[in-house]
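Each chain carries a letter (A, B, C and D) given by its place in the written order, and its residues are counted from 1.
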Amino acid sequence: MSLLLFDTILCLLLLALALASILSRQLAHAVILYIAFGLMMALAWARLAAPDLALAEAAIGAGLTGALCFSALAHQQIQLKPDVLSWPQRLWPAVFVLLMLGGVLAALLQLPPTASQLIAVTQAGLGNSGVSHPVTAVLLNFRSWDTLLELVVLLLALLGARQVAPEVKPATSWSLSLSWSRLLAPMVILLAGYLLWAGASQPGGAFQAGALLAAGAVVLRLNQQLSWLSWSNFWIRLLTVSGVLVFVLTALTAILLTPGNTDVVWLRWPPQLAAGIILLVELFATIAIALTLTVLVAGEPASTGAELGCGEGV
Amino acid sequence: MMVVLLVLPLLSALFMLLWPRIAPLLALLTASVCSLVALQLLLLVSQQGSQQVLLAGWPSGLAISLEANSLSSLLILLTALLQLLVGLYAFATHRRDKLGAGFWPLSGMLQLGLTALWLSRDLFNLYVCLELLGIVAVALVSLSGDKAIKPALNYLLLSLFGSLCYLLGVAILYGAYGVLDITVLASQWQADLLSSTALLLMTLGLMLKAALWPLHGWLPAAHAAAPAPVSALLSALVVKGPLFILCLLWLQLAGATQVAAVAPWFAGCGLAALLLGGVSALRTPFAKNMVAYSTVAQLGYAMLALGLLLRFNQPLFAAALWLFVLAHALAKATCFLAVGEITATLGGKRISTLKGASQTMPLAMFAFAVAGGSLIGLPPSGGFLAKWALLQGLWLQGGQLFWLLVIVLATLLSAAYVFRAVVLAFNRADPVAPDFAPRILPQWLALLPALAVWAMALYSEPLLQLLKQEGL
Amino acid sequence: MTDLSPQLLLYIVTAGGLFGIGLYGFIVGPQTLRRILALNIIGAGIFMLMVVLAYRGLADDASLPSTDPVLHALILTGLVVAVSATAFALALLARLNQAKAAQCSQDQLRHKQGPGQ
Amino acid sequence: MSPFWQQYLPLAIILSSLLPGLIIFTLKETQVKLRISLNLFGVGVKLLLVLLMWQAVKAGQQFYFSLPFLPGADLVLQGEALSLLFVVLSSVLWLATTIYAIGYLEQSPLRSRFFGYFSLCVSATVGLALAGNLVTFLLFYELLTLATFPLVVHRGTPESLAAGRRYLAYTLSGGVILMLGVALLHSLVQSPLFTPGGYVAAAISGNEGLLMLAFALMITGLGVKAALLPLHGWLPQAMVAPAPVSALLHAVAVVKAGAFGIIRLVYDVFGVESMQALQLAQPLMLLAAVTILYGSWRALAQQDIKRRLAYSTISQVSYITLGVAMLGPLAAVGGLVHLVHQGVMKITLFFCAGNFAETLGIHKIRELNGAGRRMPVTAMAFTLGALGMIGIPPTAGFISKWYLGLGVAEVGQNWLILVFALSGLLNAAYFLPVVYRMWFLPQTVPWPAEQRLSNRFETHWMLLLPATFTAILLLLMGLFASTELSPLSWAQLIVEREFRHD
């Protein structure tokens, strides 16, 4: 019963934070509330027997998205006056949303309480997948095509963001954080390596590890470190695309190793090599994710002296 | 072969990122090879029937399934050919139009996303494809620089929202049936509240992404703001992706009662798109917006055909639906390239820029008019074939006079907006002087798809057979 | 009406509610950043629904080996896709703001110079 | 003659104008000689090929070429007696008009474009004539619209653009309605080859309503180009086009495409028996009769020469429709032969009107006083054409009206005699004063804009020659109507084949 109470409070908190984030007058408040919401969400997921997802949500959903939003706020040079919406502007969408919500909830209540039969199939396939953790098996073996495309999406987001990136003046670094971050960096790398390794058998994996690495890199980067970490550097480009590239090349090599129609054996890892392949693919995916996220959050190392913004039109 | 079609664009896009200098060369090479392979795949499929693959050899349900049927392979071929053509056009004009180096890898990714989408038969994989397409499309639009940022952002947000609606539907379906494979799902399908809600959510999301009326508001601004080759790709191919999934859902999954309930709505939306899109195209003062609104209107034909197909289950409507998609893809590629070429050379973006273009840029104007002929549906163009199939279907269903009237009106509207531009081009009084000497090669490239769409008459019979039996 | 246990019901309704809240925020806006947050809330709602669905059966049926790994994998994929899209949207927003700011300062400049001439 | 030759001859006839046309598009303005030679080469080849076909068809052969197109409706080109009638007419008149246009457009800009579309227009007309089934006919019918539009707006002035818009609005609407009708008929009986006696008879029972609807839709679609009464509005406005274009639009390409389509529809799709069974003839007859009188009546009030000719066209083309709709062999002969005769006569009149406008700047009828003395050859040709239109022997016009009259007697629709008499009177009333002015009234004011186009002749020889040629032709067709080579005997041959199955 107390568990149900906990659940109820958690759910109410989630709803309240989300609503507050949407309704708060100040954008900065909204972002903070959103981050809090993300952390609560992670808690809820941990409660629902999804600790690996909770980790990912905390790192990606709350942490990264929050960081991105804050950096967007910082770039928001014009202070928008808090917009006041008139009643009809609020009412009609609310009516529409309530109607739609009613429909969706009515349907959701019909969901069967039993889990998918796929769980059994997954378990059966686990032995040949090369890893013992079922989520990793799904991600990098059973449905690796999704994962490959997802890495492409991540790369694309980077390309798109780079393409439109405005040039910004570097934030002045903070000496305390500078010294801290130097200490932080090796620890972050160690931790990320562990997460990656753990992914094969326990909660963890490329995404969490990558996100963690990225977080470390971002901290360093905000303190003017890692200036070599730039898209114009060929090796950085190579490492960033390596997530996808190694994945594809490994898959192509695997085709050569397996007899049969190329379409049929595409992405099929030979069982005895599967563990190694998955670790290889994951390793590069981690590096690529870390680099991509770093560049996404921290942007290019600022070219000094570029006077932009208001002064430009003179 | 599917692997080649998927991996080649991806690998070449990666290499383009690493070595930007050879990007155009690589892009053209890839597109040519892919065209050949796609042709081979089409031949294979037409001889041996559809090719199904459970990826990585895992059992059905666990694995992602791909299927190359005749429709998919036709669309893959179309994608590869248009990529090749647009690549050539972009190569010929990229210096003048300041198309950034970003175009090449993005166009490779676009090809990957589209090919993956045409092949996929897995609900979640389709979601990833959709997101890939959406992001790559927005990135391509934003190549235009400052003027395109706002429409691009709007496009991205709505596209994300559409994807999320779709994803919610997928989640509900998985919650109900525990599978993602469309074929498996179809065998377990029950027409109840749960599946209806999921279908409606997915339909909402897909209609938003495909810019189907009334959720088309983002399209004209985004397509008009993009660089000409990008607009051509977006209008010709990208909006067809979600449409394809929509058809997949309603034709393969939905139960009879669900279909019966939704069919009139689809047809009605198609009707509204045809008429209102046509009117908007007629009224807008900007050339590229006119072409973009024409896309909204033409997608109405596809919607109408889908609605009628669901209502009457007449194979002719399936043929009409896909013929519209094919013909529109080719015609619209020409329209955007031709209009882009004209506005770039004559310097202006209003329709009045076209004044006298039949003298200053006769070839591009001719290309536009020829493509316009297909949009109107004049014989023997692809647009005519599609309309013919639609009319035949309607007459065979006992003369649906109301819909016939709609088609007549829509045809006249499309004629009105096409010829509004053409008549202006024949104005000899004071033609707009070109900013620089018109170039011949891009104009010829713009003409090519229009010629292809008019030549559709020559291979219409096999095409009709192919699409009628397929219909998804 | 429903066969779901109260706990599951609670979480499912919460997930639905988050979808609704996000939807409202997305429609009403008005700032773009807020709409991006709203999209993320919608996404969180959907992922939460998936987490709950993966958890089904585990609460009262100990015979199940684990939560549904397929759904968990889908969520991970979805999260990365969502954050990618968000990052891109924010980059576009930053560019838009910069262009606006430049425009705004130009206008101000013109405004100041105007009366002097 | 080998079967290969037989198969590709219809295609070759179309290509003989299409290919030169496409090449002409690519020529520069300054390549005058090359353009003229290409044009004339195309005309020559086409005439030669048509002659070959004519010989063969007379001997009873048929030509057939097909490409796969729609299911149940291939793209078919067919050379038989009726199609040849129209092919010969358009090829011969194309020759005359090409020469005329070369003279007329000398020194004007954008000639490559003009002659390119001119050739396309003729190709579409010939294709329409050779079309072997309704779908093919529809295809060329629409192509004709597209090819003539640039000619109508060729001048690029606001009036011509407005006329072009109106022309498109009418013809494209007509095209869509025709398409609806063709699609409906196709859904009932597919689209087999045009056959004498029609092919719908088997499907009549149970489908009366739909067949009547299809007929009405198709007549409406065709009626736009044939300028049947409520659908004629584009034609007087399209007069702003250059004279050779008006000549071509009125005499050969556009209006005749409509009239020819009606002939095909009545005889080779529905057939006389089905027409009677469905009682479709009477309304069509009535419509044609009203159009005849209306056109003549409106012509009477026009002061502009070309506009008067335009309304005269509306009236005269409906003679063809009327002859067809009467469903009697003699009336059919009259209608068919009028297709040719009216073409030759009307083109003569338009050539002459163009000559007056180019040489003397005359556009209004009242400015024609004394023109006969300044330009006797042109005035003579005009007089011949006018007399032909009224139907005075021995011109060609007399022959067609005579057969139409005989046809009335044959089918017993005696009220039509009244129509013919009234229309004849009106014709005389609007043509004879013009002739009178030219020859018998003295010139009172100077010519509006006189140009000296030739030292030796009254005007440029390239303008004079075609007018003289067609004037002589219309006289010859009247004088030698009974010979084997005349359009009349050809029309009789067609009608004999059409009605043979009775």
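Quick notes on this structure:
Please note the rule applied: a residue touches a chain if its C-beta (ideal position, glycine included) is under 8 Å from a C-beta of that chain, and two chains touch if they have at least 3 such contacts.
Just so it is clear, the structure is predicted and the values come from calculations on it, not from any experiment.
Chain pairs B-D and A-C differ in how many C-beta pairs they share in contact, with the greater number at A-C. One finds 42 Å separating the Cα centroids of subunit B and subunit D. With centres defined as mean CA coordinates, subunit C is found 13 Å away from subunit A. Here the CA centre of subunit A is 31 Å from the CA centre of subunit B. A separation of 28 Å divides the Cα centre of subunit B from that of subunit C. For subunit C, residues that reach two or more other chains under the stated contact definition are 19, 36, 49, 53, 56, 70-71, 74, 77, 81, 84-85, 88, 92-93, 95.
Annotation for subunit D: no residues touch two or more other chains.
Shown for subunit B are the residues that touch two or more other chains, namely 62, 124, 128, 131, 135, 138-139, 142, 149, 152, 168, 172, 174-175.
Pairwise, the chains that make contact are A-B, A-C, B-C, B-D.
Of all the residues in subunit C, the ones that touch subunit B in their complex are 19, 26, 32, 35-36, 39, 42-43, 46, 49-50, 53, 56, 70-71, 74, 77-78, 81, 84-85, 88-89, 92-93, 95-96, 99. By the touch criterion stated above, subunit B contacts subunit C in their complex at residues 62, 124, 127-128, 131, 134-135, 138-139, 142, 146, 149-150, 152-153, 156-157, 160-161, 164, 167-168, 171-172, 174-175, 180. Put simply, subunit D touches subunit B in their complex at residues 25, 67-71, 75, 110, 113, 135, 138-139, 142-143, 146, 149-150, 153-158, 161, 164-165, 168, 172-173, 175-177, 179-180, 183-184, 186-188, 210, 213. Contacts from subunit A toward subunit C in the complex involve residues 3-4, 7-8, 11, 14-15, 18-19, 21-22, 27, 30-31, 34, 37-38, 41, 44-45, 48-50, 52-53, 56-57, 60-61, 64-65, 68-69, 71-73, 75-78, 80, 83, 85, 89-90, 93-94, 96-98, 100-101, 104-105, 108-116, 118-119, 122-123, 134-135, 137-139, 142-143, 146-147, 150, 153-154, 156-158, 160-162, 164-166, 205, 207, 289, 296-297, 308-314.
Subunit B makes touch with subunit A in their complex at residues 1-4, 7, 10-11, 14, 17-18, 51, 53, 55-59, 61-64, 66, 100, 102, 105-106, 109, 112, 116, 124-125, 128-129, 131-132, 135-136, 138-139, 142-143, 149, 152, 168, 172, 174-179, 192-194, 196-198, 200-201.
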